[in-house]
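Note that subunit A is present in both complexes that follow, paired respectively with subunit B and with subunit C.
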Partner chain A sequence: MSRIEISNLVKMYGSHKALHGIDISIQPGEFCVLVGPSGCGKSTTLRMVAGLETISGGEIAIGDRVVNGLRPKERGIAMVFQNYALYPAKTVRGNMAFSLKLSKMPKAEIDRRVNEVAEILELTPLLDRKPAALSGGQRQRVAMGRAIVRDPEVFLFDEPLSNLDAKLRGQMRAEIKRLHQRLENTIIYVTHDQVEAMTLADRIVIMRDGRIEQQGTPDAVFHDPDTVFVAGFMGSPPMNLVDCMVTPGGLRLGGTELACTLPEGLRAGDRVTFGIRPDDIRPAADLPGGVPVTLPVDLIEQLGTEKLVHFRAGPHELIGKTGGRVDLAEGTEQRLAFDMAHAFFFDAETGQRIR
Partner chain B sequence: MTDAAAPRHVVDEERQRRWRQAAIYAALALVTFVMVFPVLWMISVSLKPTTETFSLPPRLLPDDLHWGGYAKVLTDPKFRTFLLNSYLVGLAVTGLSLVIGTLAAFGFSRYRFFGDRVAKLFVITTQMVPTITLLIPYFGVIVFLGLYDTLWGLVLTYLTFSLPYAIIMMNGYLDTIPKDFDEAATIDGCTPLGVLVRVLLPVALPGIISTAVYTFLLAWNEFLFALALTRSMDMRTVPVGISMMVGEFGLKWDEMMAFSVIGSLPVLILFMLVQRFVVSGLAAGGVKG
Partner chain C sequence: MPTAPVPTPTPDKEDAVTPSFRLPTAAGTPYLFLLPGLVILGALLSVPLYKVVEYSLYDNVIVERNPTFVGLDNYRDILGDPGYWSAGFNTIVFTVGSVIGHMIVGIGLALLVNADIHPRARTFFRSMLVLPWIFTAVVVALNWQLLLNPFGLLNYVLDWLGLITEPLDWLGNPDLAMWSLLVISTWRGYPFIMVSFLSGLQTVPKELYEAAEIDGAGFWHKFWHVTLPQLKPVIFGVALLDLIWTFQLFPLVWLTTGGGPGRATEVLSTLTFRLAFVDFEFARAATVAVSILIISAAFTVLYLRNEARRL
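== the complex of A and B ==
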């Protein structure tokens, strides 16, 4: 267990700046997830912590040591790669024991550790197989086993589940979470999947274009987003984000007037980006306190326990939710209610939250 | 559904498929015959007394197998020297090509450095020069180095032919191995050389073996430079030895062919051993395909 202190980290590729000086402070034992669209710099950050990329500026400290100049093996880290990177010529045992052998650990100790970790990950019957003879999920577990046997201060995961099918991904996600509860190591985990980020993280760092948009607990980034990007990125289906005009009594949404209280400082005629999650738009009967509006429903997606209701408000398409058993017909006008207590307003220019 | 009841197009497709297969087999048989016949004829002649070599009609096997050619060749120390020389040169060229070639290929494959593309292009262009035009310059260089009429002279000469090939071949092979292996091994504690030796080479084994076979064959079969760069009997190799059997007044066909058979054997055995190792997909399973 070590704390990780990343300060003013910069990465240059030639004249292109990939990271613009980011700061992250990860507590010992914390599960930190870096999330963002591809090209946002999350993997670069992770690889810099691992020592696989040079550091153009700033500092990375693991525990009490600044590791900028240290080689990967001296940093006390272990990494799980997106496509596993298991050594094809070695058995599962050989793969897991490799780093321990390189560190000249006595053979008895290597065997003890490999067997123990194999037991935890249910790999014992597979120890003498080559990676080619394993399924995707098994390979993923071997890749994790290879990291765990080293008993590192810090685990680094680079999109470890993105090559698995949806069901297996769910299982492995739970397994990683359990593993973290058991081992209590500090973890940095990179993913582009916001569901993984929400379910696994103690702290989520949302990145975009080489900068941090927001960091905080899953609750905070989901329920209290600082920017329009974070609001749109976290959550599935995503938050409805619509450019609106402020009116004396509330907002003009398409041709519809939405009566509500706005944050101070907004005046009639201002343009704002109005955000509201699909969960907070329901049929009026389900949401007695909401602001009712009648709008045409043009598509309904049945998810089982709930339905997604797509409807139009002028040029804008919005999504609401209702129970899976509620009977709604496509192409009809429906009375919907907006829960404005959970609405968000963002500056239409800068994308910053207006509170 | 029985065959008789099968729709016409199904029957037609089946017939077409059989014709196609028959044509493929016929073509393969023809090519095989063209390739194998000289070898069979070599063995045949090696087992006939010289008097029967050109008897008409030609026969593949004589009434009595004649082992005289083999007996002569195997007991004559001169031929043993030729064989030994060929082995020494072949193994030295193969070993050196693999070590130097793999290291160079590793550099080309994994590192970007000033002039790397030009250097690689240069390696490839060396392969485009007709070797015969190099004979006189090489002769000069080898004499200058004091390596004329030595096996080292041959090894050095053959290396200049085999190394570019080894570099290109191994570079191509290493390029197909994902860099994730390097990174995983680096984090596991390998030095760059450790990455190459412990992780990449086991994966590149088929490439190494193919390269080794090629370079060995190149040295084993080479005639022109071996003839020009050596003079004494002690330094001659198998191809030169065979050519020396062409006398002014006669040919000892049986001895010449017996020695040719013995000269080809190591190559044949090598191929048979190697075939088992060169299996594609050795790298499968390490990373998600």
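== the complex of A and C ==
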């Protein structure tokens, strides 16, 4: 269990700057998830912590040691790769024991550890199989087992579940969470699945184009986003984000007037990006305190327990939610309410939150 | 309630209009195209093959108009001839030694030129290192003779370094000739292994090396636990192929030592040549050739089995 301190981390690939000075401070035992769109530098950051990429600038400390110059094996880390990277010629036992053998651990101790971890991960019956004879989920568990036997200070995961089908991914997600509760190691976990991020993380770091957009608890990044990017990235279906004109009494949304109070500093005629989550747009009857609007229903997506309702507001499309049993017809006008207490406003130019 | 007219499905236009360009021929067409190749192969392979086997069953072939059929007598003679057995032994030494040399040097150099160096330097080294392969055997043999000659460069250098007191006749000394031959053969043959291994190296997933690095593996551990297991089928395949080639290799041996001094480096291929074109014993030469053929065929079957398993 170790603290990880990443300060002003820079990565250059030739003349291309992949990371522009990243600062992350991870507490001992914290589960830190890096999310962001493809190419934003998540893997690069993780691999620099692992020691698989050189550090172009800045510092990484694990525990009390600056590890910039250390080789991967000296950093006290273990890593789980996206494609598992199991040694194909070795059995499950051989895969798990490899690092321990290299560290010259006595055979009896190796056996004890491998058996113990295999027990935890339910791999015991598979110990003598080769990776080719395992299912995707089993390989995934072996990859985790190989990391766990070493009892590292820090676990690094790079999209470990992305090759699994949806159901298995859900199971493994829970399993990883349980493992973390049990082992209490510090974890850095890369994903672009924001459900994984929300459910697993103690701290979410949202990255974009080699910079950190926002970091904080899942609650904070979800309910209190700093930028329009974070607001749009976290949540599925995503937050409705529309460019609006501020009017004396509120906002003009397409052709409709939305009466509401706005943050101080916004004047009539200003352009803002107005953000509201689908959960906060409901049929007027369900949301007595909301601001009423009437809009035409464009499309309905039935999800079972609820329906996603796409509305048209001038050139914009908004998504709202109703209960799964509410009867709505496409093409009809619908009376809705916007819960403006949970609306967000962002600078239309910079994307920064206006509070 | 008025029902909307059901749109009649229009037939897929392209389906209807596209003419069929298929020629009205039987299913045998592909074989027609194979025919020229098959004929040439047949003429160049089966006829000589048949002839050689036939010769080995006669006495006094070619030199006499009416050779006599002697059945397996030639084989009995050959198997009773210590010269044949010594050539066989030399062939094994030469073949196994060469293949081992090719493997060690080829794999070692492949690992070196696969290193993370400047791309231009890498291309340079890669091209330089395949050179031994592209010279003809005559050039190779001549160059090595110049090097290994008693008054050649190697002796000069060794003398200058004070390592020898009198020049060594590397190719003419019965104790040294085979070793020298092995060095030449290794130099000549490693590029094939190097190139094969190098292309194999590109197929090893990078993540495996990274995983091994995190697990604490150094260079040798990575080589032993990641590279070798991944490339085992490739290595086995090229080693067998190399074995088959080297087993019947003729020009390099003939042009450097000529099988000598004495019979010190006589291998089965040079023995065949000597029997045929020095002693004019064509029947016995054919017999030795058939024995080479049988052994090579056995290796070839092994090789093909290995390839089939890989696919």
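Here is the rule we go by: the second predicted complex is superposed on the first by the 355 of 355 C-alpha atoms of A that agree within 3 Å, B and C clash if a C-alpha of one lies under 4 Å from a C-alpha of the other, contacts with A are read in each partner's own complex, and residues count from 1 in each chain.
The criterion applied here is as follows: a contact is a pair of C-beta atoms (placed from the backbone, for glycine too) under 8 Å apart; a residue touches a chain by one contact, two chains touch by 3 or more.
None of these values were measured; they are calculated from a predicted model.
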*Put the two structures on top of each other at subunit A: do subunit B and subunit C fit, or clash?*
clash
_Just checking: does A:133 make contact with subunit B only, subunit C only, both, or neither of them? Give me first, second, both or neither._
first
*Greater subunit A contact set [subunit C / subunit B]*: B
_For A:102 in the superposed arrangement: first (subunit B), second (subunit C), both or neither?_
both
_Per the contact definition in the header, classify A:73: touching subunit B only (first), subunit C only (second), both, or neither._
both
*Would you check which partner chain A:89 touches, where first means subunit B only, second means subunit C only, and both and neither mean what they say?*
both
_Looking at A:163, would you say it contacts subunit B, subunit C, both, or neither? Reply first, second, both or neither._
first
*asked:* By the touch definition at the top of the document, which applies to A:115: first (subunit B), second (subunit C), both, or neither?
replied: neither
*On subunit A, the residue positions that both subunit B and subunit C contact, one per complex*: 50-52, 71-73, 77-79, 81, 83, 85-90, 98-99, 102-103, 146
*Residue ranges of subunit A in contact with subunit C within the complex*: 50-52, 71-73, 77-79, 81, 83, 85-90, 98-99, 102-103, 146, 150
*asked:* Could you list, by residue number, the parts of subunit C that touch subunit A in their complex?
replied: 205, 207-208, 210-217, 221, 225-226, 229-230, 232
*Please give the residue numbers of subunit A that touch subunit B in the complex, ascending.*
50-52, 71-73, 77-79, 81-90, 98-99, 102-103, 130-134, 136, 139, 146, 163
*asked:* Which stretch or stretches of subunit B touch subunit A in the complex?
replied: 178, 180-181, 183-190, 194, 198-199, 202-203, 205, 281-288
